[in-house]
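Two complexes, one shared chain (chain A), two partners (chain B, chain C).
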Partner chain A sequence: MKDTHLPCFRIKPDFYDALAHHLAADFEFWASLVGADGLCRLQLVASPPENTSSGLPGIPFKKLLLPPAEPLWSWDGKTFQSPDPQPRRAVFGVALCDLQALWYLDQVFAEDPLYQERRQHLLIVGGPCQPADQCRCHPDESPLAGDLFQTHDHIWSLSNRGHAVLKELAKWLGATVDRPLPKPLQVPKPRADIREPLFRASTGSAIWQQSSQSCLACGVCSAVCPTCYCYDMIDHTDLDGKSTRQRVWDNCFFSTHAKVAGGHDFRPDRAARLRFRFEHKKFGFGPLRGRPSCVGCGRCLKACPVDIDLDQIAEQLNAGEA
Partner chain B sequence: MIPKLLKIGVVHFAGCSGCQLMLLNCEAELAILAQRVDCVDASMITSATCEETPFDLLLVEGSITSPSEQQHLQKLRLRCRHLVAVGACALTGGINRFDAPTRETACTHVYGPVADQIETFSPQPVANFVAVDACIPGCPPEHSDFLDFFGALSCGVWPTQRDAPVCMECRTRELRCLLEEDHLPCLGPITIGGCAARCPALGIPCEGCRGEVSEANRDELCHLMAKTHLSKSELKRRIQRFTGGENV
Partner chain C sequence: MLDQLQPHSAVLQAVAPLTADDRLFLFLSAEPISATPGQFVEISIPGVGGFPVSPCDLVKGKQIYSCIRKAGRVTSALFELEVGASIGLRGPFGNGFDLSQCVNRDVLLLAGGLGIAPLRALLAALLKTEQHRQLILLFGAKTFSALLFRDELVKLAKAHKLKLLLSVDDDEGLSHVTTDHPCRVGLVTSLLDELTLQCKMTTAVVSGPPALYRGALEQLATLGLPPERIFATLERRMRCGIGECCHCVTGGVYLCQEGPVFSLEKIRTLEGALE
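Up next, the complex of A and B:
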């Protein structure tokens, strides 16, 4: 979605009360809140927050679309059961980078019925953000998904669904204005990219060995990444014979990720695994090849206990240091 | 094919019996478990013993510390179709391995002057003496470890062996990272998950009781934990506690 001509409206006082009231019948409300322990989490809230820029939640909203352990079906010996229907959720204050990530996930899971069902049940409301030290987004680079985008005095509709919501609330809307989405100011340092031939040439480079030496393979970088979507399939059987197949977050740093029947491992060490993660984040795979899947949210940088920085690796490769 | 009613036994070597107790503590599921298994020999579970009959499945808890235990274990292996090592002591020697640097002193302390007449050796993992078909980690294992295990078995398969670290569960629960944020000596990055980050959820750094992931990066974790208040030797002991003595 190009955001240059998104319909934007000035809003009248009480618009947000009216919005909350309008949505309350159908939706749970979710927003990011900073807890007493200093961590920001996306969580269920009683009403939409007035101030939407609480920072990025440590675990992005992908947890609502691809939960860490999601049942696909269960079987009790007689019948198959589908997962329970999903609640409808309105998520408020989603930052631009996460809206870009949503667009990316939407492409990857375009043909996944479970994802699509959850997605249909989400109403995503974007909001302005405050760039933090580790932010590396390119706000204008990739398309974004979502339904609405709110500031304290304007609202944009980003989708047909968003448009339909605003139509219902026309009474609380003022004039249409020609206004671009508010972009984050002064992103400290945008994401570093690298050309693919240079990356290809780096196959045997010592840089992968060096950079991955300190990696603990804890998996945190992809747990927090809004566009990491690998999963493993795990079957679980209760004592009463009911079996459930779940998809569970997996991770390319884990020892089992590229291991296949017979014991061969396509990426047998951390160097190969780091290079693979780098490749996925910088170039994407499949039909999306060539478009970075990294939206520069900076979460991995912040969360990695040993400060492994994909951008620093890109810069080193670009500078011919490898 | 696994028969419907499995004849199982639990045998206890050097350990605290906590593993067996944990199985017994699955109170809500015991009734249904009793329909799946016939527990023919287990010191804490039944007063029956079975000297000769074969087991379909033998759970072994504790580490092996003497030639007589070793022989007993080897005889049992011949009587059971499948042997499962349960808990840190059986898997790595567990905290019993802490005798290592001061073994003689420890023996004299425990057995007194007759210490040198009693034949013992440094506690060993079960797999050092017999073939092990499956493992249930933990000190003690979680209820869910036992229930998943018997659940999988009831469809004739072993449960999936995990190799993902505690950190993954800790972060998906959105807990505060004690290592990163508070410089506490958390062993989460190198410890096999499955406990749903039980300790970090209580603000306690992971003690590593579930044993190490297959490719643990100990060097780097030690390096990181140097920021904590622990000395080098304390760090080493911390990592060794559940993973067996001298291999750190």
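Up next, the complex of A and C:
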């Protein structure tokens, strides 16, 4: 979606009350809140928050679309059954980088029935953000997804669904204005990119060994990444005999990720695994090859216990240091 | 096509032992299924798990034959099932072999061990359409008893449908079996010495463990076969089969979708494809 000339409206004083009231019958409300421990979490809230920019949640809202564990199907001994329908949720205050990440996931899971069902049930309301030290986004580069985008005095519609909501609330809307989305202006240091041939040529480079030496293979970097979506499938059986297959988050830093029966491992060490993650973040996989999947949210930088930094690796390769 | 993530039910209809660890399974799907040679399906045992497997014969209506090795958790559970048990079936996935590459060409099939399974399906398709010129199968296994489907292959050779060259790594037991067909001791690729190929008119398809690919593919190119007509089916840990879970990604490509069958020309561009 192009964000220039998105329909934008001035809003009247009671608009947000009206929006909350309008959505309350059908939707759960979710928003990022900073807890007593200082961590920001995306959580269920009673009503949409007044303050639209509370920062990035540690775990991005991919957790609502691709939960850490979700049933794919169950089996009662005779037939395979689809999982229960998903609740409708409205998520507020989603930052621009996460809207870009949403666009990316929408492409990857375009034909995934369960993702699509959850997605149809999600109303996503973006909000302005405050660049933090780790932020490395490219605000104008990637397309973004979502339904609405709100500030304290304006609202934009980003999708047909968003448009339909605004239509219902026309009474609380002021004039249409030609106004771009408010974007972060001073990102400390945008994501470092690298050309693919240079990456390819670095297969045997010592940089992968060096950079991954301190890696604990904890996988936190992928868990917090809004565009990491690897999954595994795990079966379990209840006491009543019903079996369920779950889709669970997997992680390319885990030792089983590329291992096959007989013990052969196609990515046998941390160096190969770091290179694999780097490749996904800088170039994407499959039909999305050529477009970085990293939206520069900075979560992995913040979360890595040993400060491994993909951008630093890219810069070293670019500088011919490796 | 079966649903992307939810299997259809199927029944284990028959099992026949092939070796101590390999069995031929016949599954009867509740829904008609179409899988071309080289494509694969996922077999699920609800409550245990699933695994990818390629049919080892033409898929007719609702019947799927697969030759399966007891290799770990889920395959072991399959070996414990009784005939009549319900299972789940999902697929087909992947591209399969491009049969048009075999029309009016000599076809050289090269199989190592269990790699014969998908090639047996391809062989069946070729013999059905008969549009190829000469058909050659080089087949090697660790031991004589591990030469799966040897009897039926020898029969085809005797009927002049197929030129068959066999090899074993280990000659143990070889002298004790009354063999009706020669079998060399050595690597399967050493059988290439016995052939005079019209390289420009030949399409090769290789199927076997990673170690076989590392040598055989470039060796065929060195002999003069065009890299765009040397094919291999690549194995990976495949979980979803639909280009989502990322386990199979190699050189940025979802092998489960674009593959598992690739030409050597393409494989050369896929970093780590032959590791």
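One rule holds for everything that comes next: the second predicted complex is superposed on the first by the 320 of 322 C-alpha atoms of A that agree within 3 Å, B and C clash if a C-alpha of one lies under 4 Å from a C-alpha of the other, contacts with A are read in each partner's own complex, and residues count from 1 in each chain.
Keep this in mind: a contact is a pair of C-beta atoms (placed from the backbone, for glycine too) under 8 Å apart; a residue touches a chain by one contact, two chains touch by 3 or more.
As the structure is a prediction and not an experimental result, all values here were calculated from the model.
> So, does A:S243 touch the first partner chain B, the second partner chain C, both, or neither?
both
> Touching A:L56 in the superposition: chain B (first), chain C (second), both, neither?
Neither chain B nor chain C is touched by A:L56.
> Is A:F80 touching the first partner chain B, the second partner chain C, both, or neither of them?
second
> Have a look at where A:P305 lands relative to chain B and chain C in the superposition and call it first, second, both or neither.
First partner only.
> Regarding the shared-chain residue A:V220, is it in contact with chain B (first), chain C (second), both, or neither?
Touch status of A:V220: first partner only.
> For A:A95, decide between first (touching chain B), second (touching chain C), both and neither.
Neither: A:A95 stays clear of chain B and chain C.
> For A:D235, decide between first (touching chain B), second (touching chain C), both and neither.
After superposition on chain A, A:D235 lies in contact with both partners, chain B and chain C.
> Between chain C and chain B, which one touches more residues of chain A when both complexes sit on the common chain A?
Of the two chains, more chain A residues are contacted by C.
> If we overlay the two complexes on their shared chain A, which of chain B and chain C does A:C137 touch? Say first, second, both or neither.
neither
> Give one of first, second, both or neither to describe whether A:F254 is in contact with chain B, with chain C, with both, or with none.
first
> By the touch definition above, which chain A residues appear in both interfaces, chain B in one complex and chain C in the other?
234-237, 243, 250, 256
> Spell out the residues on chain B that touch chain A in their complex, using ranges where they run on.
29, 32-33, 36, 147-148, 150-152, 154-155, 160, 163-165, 167-168, 171-172, 174, 176-177, 179-181, 188-190, 213-215, 217, 220-221, 223-224
> Can you check the complex and tell me which residues of chain A touch chain C?
Listed in rising order, the residues are 72-73, 75, 77-80, 82, 108-109, 111-114, 200, 203, 229-237, 243, 245, 247, 250, 252, 256-262, 264, 266-267, 272, 276, 279-280, 283-287, 289.
> Over in the complex, which chain A residues touch chain B? Could you list them?
Within the complex, chain A contacts chain B at residues 37-39, 41, 58-59, 63, 68, 213-220, 223-224, 234-241, 243, 249-251, 254-256, 270, 303, 305-306.
> Help me check something: in the complex, which residues belonging to chain C touch chain A?
3-9, 44-50, 71-72, 75, 86, 88, 209-210, 235-237, 239-240, 242-247, 249-250, 252-254, 257-258, 271-272, 275
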